[in-house]
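Notes follow once the structure below has been shown.
By letter and in written order, the chains are A, B, C, D, E and F; residue numbering begins at 1 in each of them.
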Amino acid sequence: MYELGVVYRNIQRTERSVADQLAHFGSATVHEAMGRVGLLKPYMRPIYAGARISGTAVTVLLHPGDNWMMHVAAEQIQEGDIVVAALTSENTDGFFGDLLATSFQARGARGLVIDGGCRDVKDLTEMGFPVWSRAISSKGTIKATIGSVNIPVVCAGAWVTPGDVIVADDDGVVCVPRAVAAKTLAAATTREANEADKRAKLASGVLGLDMYKMREPLAAAGLRYID
Amino acid sequence: MYELGVVYRNIQRTERSVADQLAHFGSATVHEAMGRVGLLKPYMRPIYAGARISGTAVTVLLHPGDNWMMHVAAEQIQEGDIVVAALTSENTDGFFGDLLATSFQARGARGLVIDGGCRDVKDLTEMGFPVWSRAISSKGTIKATIGSVNIPVVCAGAWVTPGDVIVADDDGVVCVPRAVAAKTLAAATTREANEADKRAKLASGVLGLDMYKMREPLAAAGLRYID
Amino acid sequence: MYELGVVYRNIQRTERSVADQLAHFGSATVHEAMGRVGLLKPYMRPIYAGARISGTAVTVLLHPGDNWMMHVAAEQIQEGDIVVAALTSENTDGFFGDLLATSFQARGARGLVIDGGCRDVKDLTEMGFPVWSRAISSKGTIKATIGSVNIPVVCAGAWVTPGDVIVADDDGVVCVPRAVAAKTLAAATTREANEADKRAKLASGVLGLDMYKMREPLAAAGLRYID
Amino acid sequence: MYELGVVYRNIQRTERSVADQLAHFGSATVHEAMGRVGLLKPYMRPIYAGARISGTAVTVLLHPGDNWMMHVAAEQIQEGDIVVAALTSENTDGFFGDLLATSFQARGARGLVIDGGCRDVKDLTEMGFPVWSRAISSKGTIKATIGSVNIPVVCAGAWVTPGDVIVADDDGVVCVPRAVAAKTLAAATTREANEADKRAKLASGVLGLDMYKMREPLAAAGLRYID
Amino acid sequence: MYELGVVYRNIQRTERSVADQLAHFGSATVHEAMGRVGLLKPYMRPIYAGARISGTAVTVLLHPGDNWMMHVAAEQIQEGDIVVAALTSENTDGFFGDLLATSFQARGARGLVIDGGCRDVKDLTEMGFPVWSRAISSKGTIKATIGSVNIPVVCAGAWVTPGDVIVADDDGVVCVPRAVAAKTLAAATTREANEADKRAKLASGVLGLDMYKMREPLAAAGLRYID
Amino acid sequence: MYELGVVYRNIQRTERSVADQLAHFGSATVHEAMGRVGLLKPYMRPIYAGARISGTAVTVLLHPGDNWMMHVAAEQIQEGDIVVAALTSENTDGFFGDLLATSFQARGARGLVIDGGCRDVKDLTEMGFPVWSRAISSKGTIKATIGSVNIPVVCAGAWVTPGDVIVADDDGVVCVPRAVAAKTLAAATTREANEADKRAKLASGVLGLDMYKMREPLAAAGLRYID
């Protein structure tokens, strides 16, 4: 249940160096390193290809068709944050455009993750301010009803607590809770190291069947080959 | 982020009488009484019309196509519980049917809320075991991967903690956190008392415009009447 | 483009007897009688089965999550009207429930067609107040922004002018413009007369292939039978 | 790839008694008995609750907005058939209504499964002619382009060959290929016999965990209980 | 309701210079300048990024799976037009490809807005002929049923009258009625002038909270800050 | 119905030169050349723009959330193949990423068509390994349940038999059965030859109305021009 009408000013951000290093690994590897959890739903798509960021979450809860709280959120942004916007019901209006992006960027935000619509995508692309959203829409919003800033929210099916790490790229968005961020970074580092070796083997024509020793368990599961 | 592979046996359930009384008010009134939050998404529909229940949440996290943990959840059910099943990714398979319903009912469960599919709807209807689901599907599931029981989950966009109150009816499903359940019950009671009077006035032809004194604010907002 | 912030008090309703008689034929026959146009999209579903109504349209334009104008619309309802609610962007919130239905019914409305959500479906069913909506949702709405009443609107993909005839049943919703309502009623009457005869023939085993003389055009189109 | 413009008159229907007996078990049990395959997608919903049928498939391929071939299909129907209608692209128009149902019923059809829209649902309900469809829509169709009858089709994601058995009920629709129909009937019979015993045990409070001996494999998979 | 089987040859186009100048402002600013109305639904997406056009609408009404009227529309195109294609029911077939684009471009069309599918996107991209569509699909269409050209249509939820101005870019599509085009151009010009100043302030770190003087109304609405 | 747990090692691939030449024509022309059939549904989208490939199908059937059989499929790939992955129920998990792509590419695969999700799209783009999928998702999968390789499958609504030709580009994906591949190649060649001439005429301003001699049939169908 959401607490409405509040702005938490002091949130506990994940340690900066940990938050920053996670970008390198990307959402897929980080999600695997966490034990295959923490992803936002795949309808969340980047407005342009190629961005890969990580940062600490500043959250905001919006009402459908109303972006008033985005301005309240702007003040809470610190260098290295990513704003995570959740909605109280499904809506694709364009809650965010180039003016807010200018403000967010000036405050140090690295990007926005919003379970609603975004507009001015050409300007945002030129500014290099990446957004992951459920829609692109020119539809303007009003400023009539208060929500909250820096409360825990459900964004695109994931639970995000202020200060958690967000990792976002072309594959999607993952939320890493502050408590497991360092451990996840270590696991992602290990995972990546293993992948280089596997990639080389697979590129040389070695089969995953052999590399992962799958032939026996497949046979045990009943797989039959027919000539 | 979900903790995988765990079953919490001791959860703090909302006080029984509070949980039980909330059913009377229905999901819409309870949601309003909470300040208009806590609803699951409207794609969650009852498998048959007319059921209205409330109870304490026992949660379970499932993987797509796998209902193994439903059997683990069954053991944690107490009289007056409602099982809330979340999934690690979107899937409409039929995770639940008449055999599990027989077991859940025998353990004292009042119903199931599942962000996946349900089957045997004719049998469940005859048994009087209500289910709110995102789909109805004959598709069977396997028992291969462990999830968790009684961890906090995101179900259909709502955050549900074990022991929270679930209120479900033809209009949808709402989750009332344990901490605000008593307060919500009081607010719903007040709200309902007010509604009877309003209903009588409206039935007699009094307009909401007058009853709620809206004419002035509407004019202030610029509404113009044209003959 | 919508004109915002206006309420048209004097609309030209289709002649009552024409509007009333169209219900008998149902949405499918009426739509055919108009030349196969005028339907709202099929995602518009009745909240309960079996209702079949026709009446004159009173329109209302709402903003997402805001039902303020429903109260303004109530005052414009006359006996035999059906309220048609359009939205400025897609939204499934529960804009309408038993209190508004009590008011609408007291004013003489026969039902509601809304391109948004509806709640209190159990109460509405008991009241016999039918609603066709895109969703059922407990989600409450606010009263903050003005729209309009009795302007032409696009509702679920159809253009509806105040005073047009709405025909709604289990198959869907059709809008018959005032200018063609009498002609449509005549065409529907003729159409229905023809159908009784056709039904009897088909029931006796006569094939549509023969009754409609389709064998020749099918052969001309190249249809081949293979034994 | 579909063969267009052909009607196969002689199809090999599954043996009548096998086709007829499968209805008893329902789509979920039959699908399990086949090894958990053969289901149509869950968006296929019955137009009214409670029907449970099985029969032999007569297939028809339609173009969007065109139901001409339904009349061609009618002639190929024999007592005990179920018509399965596929489309060349997604479309929800109302390809089928009470007149065609009268004809199909007169020819001996038990129902229709259509990956498109259906109309006249009130009439069809009163006639007791069940339809499983992807939509309900008043939208009429034309008769301009030929498709085919009794070719293999993909309907709602499933491959259906003329003469296969279709089993349809409130849970969905399954297609049982002729070649495995007898074997599937036997497996369903065995399966059902086992279920009665299991149901009784579960109803008495025995847990699936114990009845299915799941505690050991769950522990082996790493499940931990926390008090 | 649509008038079928007609082609209006003489439509009143918005004044050329007004229609042409609107492109500069983009769909979001123009929609705001109109009072936040007139947008097509956000499922309408450009087939390639970066195009921004405005022009006068030539409308065409198509049937599902049938693009015959596109050729009729071609003859009505004048230099500076944008073709707006509506459908009588939802369909994603590929109604438009490189041959029609060649013809439309030769006639002076600047682009196409279609509530259906489009194909040959690689060719269209190379030709620089932008299309906004609900889908991309190779599916071919037939030429069997007549619709209309230059009647008012509902396209993707918006009412478009022939001669209105269409503005389309990466953010979506907006329709500006002829009667308000000049006024909208003026309002957009003013709006843009204001934005440059705002953007500079926000870029310098000034908060929207202060620039828009929101702190007081937010406090009045009950917003609380918690340290 | 799917045969589960089998791998067919010897499939009859379409003749290499035929399979290879079809890429040139693209999915739209090939689909038309086949008589307007064989397309996968348009929700199948390329992960990057501009790829156009053809090749012989190696099929694989996966379970939701489980990519085990992808490794089994890798071994069956020959130079010039395209892997076609179907699922037993709808699921958008990321079944495929850069490691599998490295293996598939090393084995000679030209691309992947998958009725599920894909991840590592940046890497795949850099590798030049095109994928057509229903979703992009970071969600990882498990290796627990066996499916099949090289059985006929329904992928995104199309029936694909191992050895058929797959043609995929920005417009979508089409499957050409082995038996008609040579004939389709010939028809596509003829079709393309005709198009060049048509394109030149249309570019010069000749109307399709005249070039295709449509004026008479349009008039016969009742089309009226209004000045």
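The definition used in the following text is that contacts are C-beta pairs under 8 Å (C-beta built on N, C-alpha and C of every residue); 3 or more make two chains touch, one makes a residue touch a chain.
Since we're looking at a predicted model, the values are computed, not measured.
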{"item": "Shortest walk length in steps over touching chains, chain B through to chain E", "value": "2"}
{"item": "Required steps from chain C to chain F (each step between touching chains, minimum)", "value": "2"}
{"item": "Self-contact between copies chain C and chain D, residue sets same or different by half", "value": "different"}
{"item": "Chain centre separation (chain D, chain F; CA means) in Å", "value": "28"}
{"item": "Chain centre separation (chain B, chain F; CA means) in Å", "value": "42"}
{"item": "Overlap residues in chain F, where contacts from two or more other chains coincide", "value": "36, 39, 88-90, 92, 137, 139, 145"}
{"item": "Which chain pairs touch, all of them", "value": "A-B, A-C, A-E, A-F, B-C, B-D, B-F, C-D, C-E, D-E, D-F, E-F"}
{"item": "Residues of chain B touching chain A in the complex", "value": "1-2, 4, 34-39, 41, 88-90, 152, 154, 157-159, 175-177, 180"}
{"item": "Residue ranges of chain C touching chain B (in the complex, touch as defined)", "value": "5-10, 48, 68, 70-72, 74-75, 92, 94, 97-100, 102-103, 105-107, 117, 119-122, 135-140, 143, 145-146"}
{"item": "Chain A to chain C touching residues, read off their complex", "value": "63-66, 88-93, 137, 139, 142, 144-145"}
{"item": "Of chain C, residues touching chain D in the complex", "value": "26-28, 31-32, 36, 39, 42, 45, 49-50, 52, 169-172, 174, 195, 198-199, 202-205, 207-209, 212, 214, 218, 221-227"}
